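Take a look at the structure below.
Chain naming follows the written order as A, B and C, and within any one chain the residues start at number 1.
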Amino acid sequence: MPYVGTRSTWLLLVPHKPKPTELDGNIELFCIKEGTVRRTYVWTALLLVLALVMAACGGTSGTTETTAAPNTTAAPGTTAASGTTAAPSGEMKTLKIGFTTSITGKYNTESTRQDNGLQLWMDDVNAAGGITLSDGTVLKFEAVSYDDESNKDRVQELYTKLATDDDADFLISPYSSGLTAASAVIAEQYGKVMITTGAASDSVYTQGYTGVYQVYTPSSRYLTSSVDLLGSLDPSAKKIAFVYENSNFSTGVAEAAKAYAESNGYEVVLYEGYDPDTQDFSAFINKIEASGPDAILGGGHFQDGSAFARQLYEKKIPVKFVSLLVAPPEPSFSELGDAAVGVAGPSQWEPLVKFTEDAAMAAGADWIGLTGDEFVAEYQAAYGEEPSYHAAGGYAAGLLLQYAIQKADSTDADAIKAALDATNLMTFFGDLKFDTSPDHHGLQIGHDMVVVQWQKADGGLQKQIVWPESGATAAPLYPLGQ
Amino acid sequence: MNLDVLIASAVDGLLIGFVYGVAAMGLTLIFGVMDVINLAHGPLIAIGMFGVYEIFTYVGMNPYLALIIVAVVGLAVGVLVYFVAVHRVIDAPPLSSLLSTFSVNMMIIGVGTAILTTSAYNVDFSLPSLDTGPITVTGTRLAAALIAVGVTALLYAFLYRTRSGKYIRAVANNRQAAELMGIPSTRILALAFGIGTMLAMTAGGLIATILPINILAGGTYELKSFVIVVLGGLGNPLGALVGGLILGLIEGLVPVFMKTTWVPVLEFGLFILILLVMPQGLFGRKES
Amino acid sequence: MKRFTGLLLSVLAVIVLAVIPLISGKASTREAMFTILMAIALASSLNMLLGYTGYVSFGHIVFFGVGGYAGFYTLTVLGWNLWLSMLVGGATAALLAYLLGKSILRLRGAYFALATIGVNEAMRALVNNMDFLGGPIGMTMKFSVYNEYGGAANALWLVYWVLSGIALLVVIVSYLVKRSKFGLGLMAIREDEDAAEVMGVRAPSAKTWSYVLSAVFPGLIGMLFFFKNGNIEPGDAFRLHLSIELIVMVMLGGFGTVLGPVLGAGVYQQLRKLLLTSPVFKNIQLAVAGVLLLLIILFIPTGAVGWLRRRFPRLRRVLE
């Protein structure tokens, strides 16, 4: 068979046999008068430059109208005036919320749900007649969004476009900590308030930003509750294996959880990351088995987490407790069937979690928006699926913004920052409160995560809340029977 | 570390290695016959995965039967891709075919993401596991390995026992001479591309029975296929199978001794080393 | 002056693109041009290897990543300033290219292309395991670092002008190489390496230096890009997909020409952005881009500049 290494075809990049004139511009085989050449080249130069300029300008100016994603109901009749200056009383204003979603690439699923949740909030607030400020100004919202392709190449370009060309009044973060880190630079630079959702890493909030606020519980607190749960279930279980995805977010989670576990007297028998593209965990699982842990904590994202859970089950690993990131709270985790039974995981929000206005009052916090049941019903009606916590996070980001605007009674960025700094809010998503110290400004300190576990019920699978005890909907399944 | 772990890891690695091998065979066959590095390899594997998933989930057919349908469709898809994207650039410099297959990659991923999103899907199918003392071999993994061996045997029977197979080898050996002998080279090239695609999609289907899948998952196996193909010698299908086994073993055994994240470093390091030291691969180039 | 007519168009194009933000005065234009100029500089660098020497480097982005990491390390951990860090980035990339040149450039054709993919993947996996580089988490930079460069707004403009300068430099170097004896040697290697050696071209060293030359600029740009982003992660630094996109840009415009990569990169990035932000195509922009790419490969295989040169021979003096 042919062996291309010795063939010359690879070296021949020009498909036709090159003529001498092409190889060496110095050899002038064409007898054209100087004048002709000069004219031709002046014309070509002009044309090419013109084309380039048109390509450049045409592209930027021609696409600014890409607003209004399918579900937005930009109320007709509102004057689409934007800007942050105070308006005379009674005026209608449409505020633009700018963000990118990952329509393509690896974050597509989570990002789309986040976007759906945000759109739902926008529909709700607009349908309710918008926000009315004390001076009579009625505020409505519209979305401006672009595809970030799940990678960093254009995040800054798109956020700059959102902040300047599109003149977005507020920004929402992209999905994932990495993309958020890049967009935060831009938000901060233009003094825009950016609510981050789907970005759990702590590191973004140690960079010294003043206008970036986190909705999610930060990654340092993701798995600590699972450790607490294990402690309450079985004080004799002391060996933990940490197996986590080697990515920004999961490594951060694992590092914090490991430190927490060790300080609570646990023995970490295995602490190891796996490559983000890992699909086959068999080698890993053999290693886990050899280290003989009582509990396995870790995981990463949906794909690898569900693969890991399935292979743990198939290999019949005798372990008492498994808690994984991101994957278990997803409704589609139940596709794993029996392999899902008993697998626990931290969740930012669950349909079963009940936060109410009364609870808010009792806790001395403000309350805004709908209840969890209403959110689930609305989401199901709009998108035909059960909402995941990413969707809830998107909605909550919108609510938070709405709250801050109402509280500040203004659309001025500084007033809103002040309102956000002072936030003590409860929503269907849970508590929201921010760290205001300069070192961790914007870090979420109010919101707590719950731990869910898949259990068998009525012949099917059901996701139950097993921690904290006060909010539990079922007793934890422990130890796992294998 | 004990012997049980070692054996268990080796067995797991070898079993998945067979499947890697089938995927890599598809890549190496196409390369051997027409000097095209098929950059749409990964997405084609992904189509195979979803073929089995969709048939199993919506028709309810046994995934191994679905595999047959996927293989036949694979042949057709391959021939189609050949005529759309490859045929016109088959005699152009190789960069052209790299880019034309890459454009097919973009199309498949683009449409695939729009329809399927990048979510993970699961073929909810399992076979009883095999328990022999310390080692637990999952049924689906064993079945996949057996089928992979069968596919390899069929491929060789085809290449050596049938007229079309002999034509393919002749074209691979020397296309111009083959044309002079009256072999319809275009048809044979299309057929070879079809079979390469069939192998890729079959491998994808097998993976779907073992592991969760998503539309981007093929990319991982594409990279693995590159490594395997170089290990086994470019253009050598049997070498690809053995290369697959070696890669599987590395993936199985290395984590026993060091952190798993070092596996890709070793894999690609080995890959570069083999290219430098013995570019013909561990088993040399197949003499037709 | 006549000697430089071929350069004029490319330089003019880069300058025009670079000053557009100055005219509009808008930051969003600057960001859009940043993306384009970065692509132009990267594609033109790649062209010095791919187009002139004929070696298809599939993992060229490894130099971008390595430069970014080296520079980011000196900036954030050692506290050096941006300019020094940038030079460190470029030097590290050049050193890597030199070492690689001594080894993998012996391979030809498909083997070299595959090896470069291997190098990129190995490097990414390696960085993932390097704790002093932050491993999988990568490294982040405090927002206050921008204050040393006149605040974030100023810093981003500064980065932009430096990038424009680099893009201009790449184009000029690319032209000078092409017209030099060194460049002729490279092109001889491209056409037939064995024959070139017989004719007295020292192929191994010529190839290595063209590799080094094509690696320096991505190293510099890598540092600039990640400084601008404020953080660096292995996945972003060694993204194989970007490598392939660069080849596409070079092919679109016409490989082996000076103007080709400039044109190809500009048009490609503009097209992608148009598709990305277009309400009609944004859901299937990737597939549409694929179809367009295929059409170009099938029907204009030598790229825009190659096609123009062949179609209008008298343009050859201008379209270098």
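We adopt the following convention: a residue touches a chain if its C-beta (ideal position, glycine included) is under 8 Å from a C-beta of that chain, and two chains touch if they have at least 3 such contacts.
Worth saying up front: this structure is predicted, and the values here are computed from it rather than measured.
Set against the Cα centre of chain A, the chain with the most distant centre is B. Chain pairs A-C and A-B differ in how many C-beta pairs they share in contact, with the greater number at A-C.
Chain A and chain B have Cα centroids separated by 34 Å.
Residue positions 50, 56, 107, 109-111, 125, 128, 255, 283, 285-286, 301 of chain C each touch two or more of the other chains.
Residues of chain B in contact with two or more other chains: 31, 35, 92, 94-96, 109-110, 113, 234, 259, 261, 263-264, 279. In chain A, the residues touching two or more other chains are 4-5, 7, 9-10, 12-15, 103-104, 246, 273, 275. The part of chain A that touches chain C in the complex is made up of residues 4-15, 18, 21-25, 30, 32, 36-37, 40-41, 44-45, 48-49, 52-53, 55-57, 59-60, 62-63, 66, 103-104, 146-147, 149, 151-154, 156-157, 160-161, 163-165, 178, 181-182, 184-185, 188-190, 203-204, 206-209, 246-248, 251-252, 273, 275-276. Within the complex formed with chain C, the residues of chain B that make contact are 31, 35, 37, 39, 84-85, 88-89, 92, 94-96, 98-100, 102-107, 109-111, 113-114, 223, 226-227, 230, 234, 259, 261-265, 267-269, 271-272, 275-276, 279. Those residues of chain C lying in contact with chain B across their complex are 50, 56, 103-104, 106-107, 109-111, 113-115, 117-119, 121-122, 124-126, 128-129, 244, 247-248, 251, 255, 283-291, 293-294, 297-298, 301. Interface residues of chain C, counted against chain A in their complex, comprise 5-6, 8-9, 12-13, 16-17, 20, 26-36, 50-51, 54, 56, 107-111, 125, 128, 135-138, 140-144, 152-153, 156, 179, 184, 187, 189-193, 228-231, 233, 235-236, 239, 241-242, 255-256, 259, 263, 266-267, 270, 273-274, 276-279, 282-283, 285-286, 301-302, 306, 309, 313-320. Of all residues in chain B, only 1-2, 4-5, 8-9, 12-13, 16, 31-33, 35, 91-96, 109-110, 113, 117-122, 124, 126, 129, 136, 138, 141, 169, 172-174, 207, 210-212, 214, 216-217, 219-220, 234-236, 251-256, 259-261, 263-264, 279-280, 285-286, 288 touch chain A in the complex they form.
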